[in-house]
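Below is one structure, written out as structure tokens; the observations come after it.
The first chain written gets the first letter, and so on, giving A, B and C; residue counts start at 1 in each chain.
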Amino acid sequence: MAGGATTPAWLLESEAGAFPIGCSGRRRRGSALEKTLDGLAKVVRQAITSEETAARPGLLQSLDARAKLLSVVALLVAVGLVRHIPVLAGVYLLTLALAAASRIGLWGFVRRVWLFIPVFTGLIVAPAMFSFVTPGEVVLPLGHWFGHEVGLTRQGLTSAGLIVCRVATSISLVVLLTLTTSWPRLLSALRTLFVPRLLVLVLGMAYRYLFVLLDSISEMVIARRARTIAAGRNGRGARAAAGFSGGALFGKAHALSEEIHQAMLARGFRGEARTLERARLRALDGIWLLACLALAVLVVGGDRALGL
Amino acid sequence: MSTEPLLSAEGLCYSYLERFAALADVSLEVQRGERLALLGANGCGKSTLLKILAGLIFPDRGSYRAFGEEVSEPKIEDEQFSRGFRARVGFVFQNSDAQVFSPTVREEIAFGPLQLGLAPGEIEERMNDVVALLEIGELIERAPYQLSAGQKKRVAIASVLVMNPELLLLDEPTAGLDPRSRHWLLELMGELGAAGKTIVFATHELEQLEWVADRCLVLSEAHRLLAEGAPSEILSDRELLLRANLIHEHTHQRGALLHSHPHERGHHG
Amino acid sequence: MHIPDGYLSPATCAVTGAAMVPVIGTACARVKRVVKDRHAPLLALGAAYSFLVMMFNIPIPDGTTAHAVGAVLIAVLLGPWAAVVCVSVALVIQALFFGDGGVLALGANALNMAFVMPFVGYGVYRLAAGNTSLTSRRRALAAGIGGYVGLNAAALCAAIELGLQPTLFHSANGTPLYAPFHLAQTIPTMALAHLTIAGAAEFILTLGVVAYLQRANLPLLRINHPGVVDTDEELAPTRRLPALRWALIGIATMIILSPLGLLAPGGAYGEDAPIDLNPHSYGLSAIPGGLQHYNGFWKHTLLADYGFASGRHASLGYVLSAALGALAVGAAILLFVAVGRAVARRRPDVQTG
């Protein structure tokens, strides 16, 4: 094969003349889709990698994953039951304190929590501030419509604030858990709690494959960019390519996932992964869990004391 | 009983997706303690053959026996057989990306011994040894799929060696390693072979062949067995190597050593 | 259509979570039995794929977010129970690492995306694919349509769950404690986003991957299609009933979408849409542009005259419409399962006969 055919003549000729290398002043940025894909791959990769923060010596890192998981669920339920913004703010501040005690950079923590879902939530609930959606006492009148006063209502504003605060606090709690717990510990915690074996197994493998898919995406974007010379708007081209790439990506990832599975089989995997550490619950974990349960009760009780 | 070869395969045929042929009627025998090299051009079926030998894929036709037992899909589903077989066979994949799947290097290396149910203390001990052997101490807490290609390869090799398998199947183990590590690995293979381990490996490196292999198999681009013999025999058969598309017409031979240098195209053909 | 923690009351989370426990249990048991060891990586890959697909989402005011899910694709490849497992896993990863879809709300999210979607979508797919060969275009198209319908069914469920919140949970002075939008708002907006952008994405994705596999990896498609012949030439030509099938699909689609028709006229701000949906008030332009179109739709309302300021007699309408919506979805699922079974049962004698 190699060496059988002569090298085509065009490959040996220079094509430098065809595309002048100087700057023309016109810039072609990657299409929006390419950028989104690439950016997304980066964000996801960053978000699901918690090994570094989980290895730091901090308060939450020293606790057992099961205790942490249960305490987070308890606090989530409490936060779900809270009906006053100040109480939510209090719990939110507590999550900040916990983050600090666990040596998580506060700015990064806040950004990670707020950047995505609470902002989306803000967009989503924005219409609820208006009297059309949430009738009630108009605090900021915007005019009249068929004889009704319309504007922002107290109830609407409270409701929107409540939901954004609750969403942010809930996410803070979950992010605290994932940032301070390495993925394998989290998995074995899930296994020892209530989650079916198969689900945990697929969860573990899916996490690994996520990196395969992300790598494939990055590679595909880069390869496409490297091959694209044609100037001009190639947004449509990129979108069409993405449509086809969906299939190609699946095919590629499938081949690799098959091989990863084979590698697991080759080392004695029989459908149930055993892990290195059999973590034992210590007194500290028990104390932590009880403290969190007490806190949850306290939060809900305090909230009810403020009125329904 | 003792005369039975460690591995014996008869008339193996395999095709991917029922369309792409990868092996056509390949038979081979491997004796205990032997170091066997698989040679062949890209795509001739070396990796496929190794995967069949590792009991990861199963031939469309043909039979395969290892350690005195038939290896087949229903057989490998058997708990005891599969455990015994996996404990005896170690496989280093060509693609180390596929080989590594655990969240950290430490867990990657511990994975095999854990699945086989070794005691934690023993695992710890072995792990420290292979980590030192492969000089991957600094990587131990990193995610294995975020390493460089050569580092991944080292982790992959470590994760297989830690199981101390009787039969080592290595798919291009030296590819992607720096010259020093490559040399070191070849030495290790020699040492393991001398210690009685059986090694079957695929390779494109003809230079050190005589040194690391007792015997060679050459696969053709038609996915058939083209030749078999001692490395010196195979390497001196220039016509055979050309037929297998393993060397270029301008590859020169000095003694049994191969050596090539670029020529201007168009001189021939 | 992920619902984050905080949108739903803990009570709703508990109910939906409890509903999903037996579903997940059954799915795990069935998958273990049916899907071979060899296909475990496919399950995980399906989950990872679904996770990535779900990352591309846009916020929908009055609802949650719109995005494709990939559940029907997995259902086509590995069966609907496998899709339950895969999408649930994807949701768990999302909930843990992104807070996109809550931990408490996992039950609700799984109900919508991991249960309703694959089953409805798969039913539609089976109906639309009929007894065509594995490589036929119609089968790929059927998968796409299944994805589209399944996604919309899931979005409808999410809209119902969200829309019930303000009616069921509000404080003494009328402040909604959880998601503040009523059914009459959540259903049209969610439907609109999913009938257009997200639905199209799901359609293209499902169709694209199935078409790719038809060309590149037929054995993968065979896993869940035992007894289906590879090419059209192998098919007995007489037993095709495309007209009837398409009619059935049409009816099925209408059933799925009918709650929208039932509920949209009751829009609480239908009469007042122009101000309410002033896009610049929250910096969005694309989605409300579509809603503008809906505005005309709402003008002729059945309940046009109820006083939105009091909101008192409206609640009866809401509850009524919610019940109707839930009933319609339930009926549709039952119908799909029944028809799917019937089709599945009939297939063997189609082949032999």
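By definition in this document, a contact is a pair of C-beta atoms (placed from the backbone, for glycine too) under 8 Å apart; a residue touches a chain by one contact, two chains touch by 3 or more.
These numbers come from a predicted model, not from an experiment.
Engineer: Per the definition of touch at the top, where is the C-beta contact count highest among chain pairs?
Structural biologist: Greatest number of C-beta pairs in contact occurs for A-C.
Engineer: If you average the Cα atoms of each chain, whose average lands nearest the overall Cα average?
Structural biologist: A
Engineer: Name the chain whose C-alpha centroid is most distant from the C-alpha centroid of chain A.
Structural biologist: B
Engineer: In whole angstrom, what separates the CA-based centres of chain B and chain C?
Structural biologist: Once rounded, the distance between the two centres reads 48 Å.
Engineer: Just curious, how far off is chain B from chain A if you go by their C-alpha centres, in Å?
Structural biologist: A distance of 40 Å separates the two centres.
Engineer: Cα centroid separation between chain A and chain C, in whole Å?
Structural biologist: Chain centroid spacing, chain A to chain C, equals 22 Å.
Engineer: Any chance you could list the residues of chain C touching two or more other chains?
Structural biologist: 37, 217
Engineer: Find every residue in chain B that makes contact with two or more other chains and list them.
Structural biologist: none
Engineer: Multi-chain contacts in chain A: which residues touch at least two other chains?
Structural biologist: As it turns out, chain A has residues touching two or more other chains at 205, 207-208, 212, 260.
Engineer: Which of the residues in chain C come into contact with chain B in the complex?
Structural biologist: Residues in contact with chain B: 37, 217-219.
Engineer: Using the touch rule from the top, collect the residues of chain B that touch chain C in their complex.
Structural biologist: Contact set of chain B toward chain C: 17-18, 77.
Engineer: Okay, in this complex, where on chain C does chain A touch?
Structural biologist: That would be residues 4-7, 9-10, 13, 24-25, 28, 31-32, 37-38, 40-45, 47-49, 51-52, 55-56, 59-65, 85-86, 88-90, 92-93, 95-100, 102-104, 166, 171-182, 185, 204-205, 208-209, 211-213, 216-217, 220, 268-269, 271-272, 275-277, 281-284, 308-311 of chain C.
Engineer: State the interface residues of chain A toward chain B in the complex, per the touch definition above.
Structural biologist: For this pair, the touching residues of chain A are 1-4, 6-7, 49, 51, 55, 182-184, 205, 207-208, 211-212, 215, 256, 259-260, 262-270, 273-276.
Engineer: Provide the residue numbers of chain B that touch chain A in the complex, in ascending order.
Structural biologist: Chain B residues touching chain A: 41, 51, 54, 56-57, 79, 82-83, 86-87, 89-91, 93, 95, 97-104, 106-107, 110-112, 114-117, 120, 123, 141-143, 145, 159-160, 163, 221, 245, 248-249, 265-266, 269.
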